[in-house]
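To keep things simple, chains are lettered A, B and C as they appear, and every chain counts its residues starting from 1.
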Amino acid sequence: MQKYQLRTRNRVEFQDITASVADAIRSQQVDSGLCVVYCPHTTAAITINENADPDVPRDINAFMNSTIPHRGDYRHAEGNSDSHIKAAYVGPSQTLIIHAGRPLLGRWQGVFFCEFDGPRDRTFYVKVMKDPHE
Amino acid sequence: MQKYQLRTRNRVEFQDITASVADAIRSQQVDSGLCVVYCPHTTAAITINENADPDVPRDINAFMNSTIPHRGDYRHAEGNSDSHIKAAYVGPSQTLIIHAGRPLLGRWQGVFFCEFDGPRDRTFYVKVMKDPHE
Amino acid sequence: MQKYQLRTRNRVEFQDITASVADAIRSQQVDSGLCVVYCPHTTAAITINENADPDVPRDINAFMNSTIPHRGDYRHAEGNSDSHIKAAYVGPSQTLIIHAGRPLLGRWQGVFFCEFDGPRDRTFYVKVMKDPHE
């Protein structure tokens, strides 16, 4: 299992972590298997989406900000219930197929760390599981 | 694979099932691998979020109830389309990394069974897969 | 790993792919393990929900269409930001438990390919991982 750290700069932002995921797979020398990218935080998430046009993550976050407001009828005293709701919708992990030594991603897909309550120092894990049939 | 049963008490509620997940891993004596927590129902889900302050699941459910209303412009005759929509957003399973014989969870993370159409008797499964490199 | 192709007929629709998933598992002759159903597109997704009453996917899509509008305050020039947002909420993959040679699904559950920007020719992958303890 590999552990990665990053620093976010804004309250809400997506950071492209595709290179780290590919690196974790390469370093384990696994040709075929599964790869789990896991976020251990409750106000952040992992997603897979288009990483060609930065307006895509921008639009996703603008939509989420407008429909899951920061200030609302919440009770959680830390004032970040919106971040927990966003994390529940997007989810704490993504599972990728490893094929030919690389993460099987579509042409436009990248893996993103989703910050919903930054800026903060954050961590994510990549677990590579070799196919026992390999 | 382990099968667990629980009873929910309300139409909508989250039940913390972290102890069952940890128990399933321990009973399989797997040190390193993956663990899938799976919900076989279409009006319930599995999520991972903060289990320290009960206001967090309360706020998530209050938000979902207000934005995904029980009564709406739905056609499904059972009257629980909201529950199916919530299940689609949160998802039927979570995949955890097993590290050092335990589920790799962040400090504030717990695993929840999400009831969206209770009260009912419910089931979930935990599948533990040992890393063949272990 | 198996690759499957399908053609969608509408901008938004769910296609039941449960038979393909079961077929992929059967063809690998795996009795116990995990199965990942993966969508390589950024405007489509994979979900698990009720496949008995077609009003369930109909209601899920009607709800998503009304709350995640096609035309909105988006910047992404392709005009399909709603599709990317829906894909982020539903997610690009589902992980299933394989038990007794079949996908472990609840009585009412089916696996769906979710088209959010069709009609198009689409692809999905099914990766079967045998439990090394089997």
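Some notes on this structure:
Simple rule for what comes next: a residue touches a chain if its C-beta (ideal position, glycine included) is under 8 Å from a C-beta of that chain, and two chains touch if they have at least 3 such contacts.
Nothing here was measured: the structure is a model prediction, and the numbers come from that model.
At the interface between chain A and chain C, two copies of one sequence, fewer than half of the residue numbers in use are shared by both copies.
Between chain B and chain C the CA-based rotation angle works out to 120°, given as a multiple of 5.
Distance between chain A and chain C, defined via averaged C-alpha coordinates, is recorded as 19 Å. Shared contact sites, meaning residues of chain A that touch two or more other chains, fall at 34, 67, 89, 91, 95, 129, 132.
Put simply, chain B touches chain A in their complex at residues 32-34, 47-50, 53, 55-56, 58-60, 62-64, 66-67, 89-91, 94-97, 99, 104-109, 129, 131-133.
Partner chain A is touched in their complex by these residues of chain C: 1, 34, 36, 38-42, 67-68, 72-78, 81, 84-85, 87-89, 91-93, 95, 125, 127, 129-130, 132.
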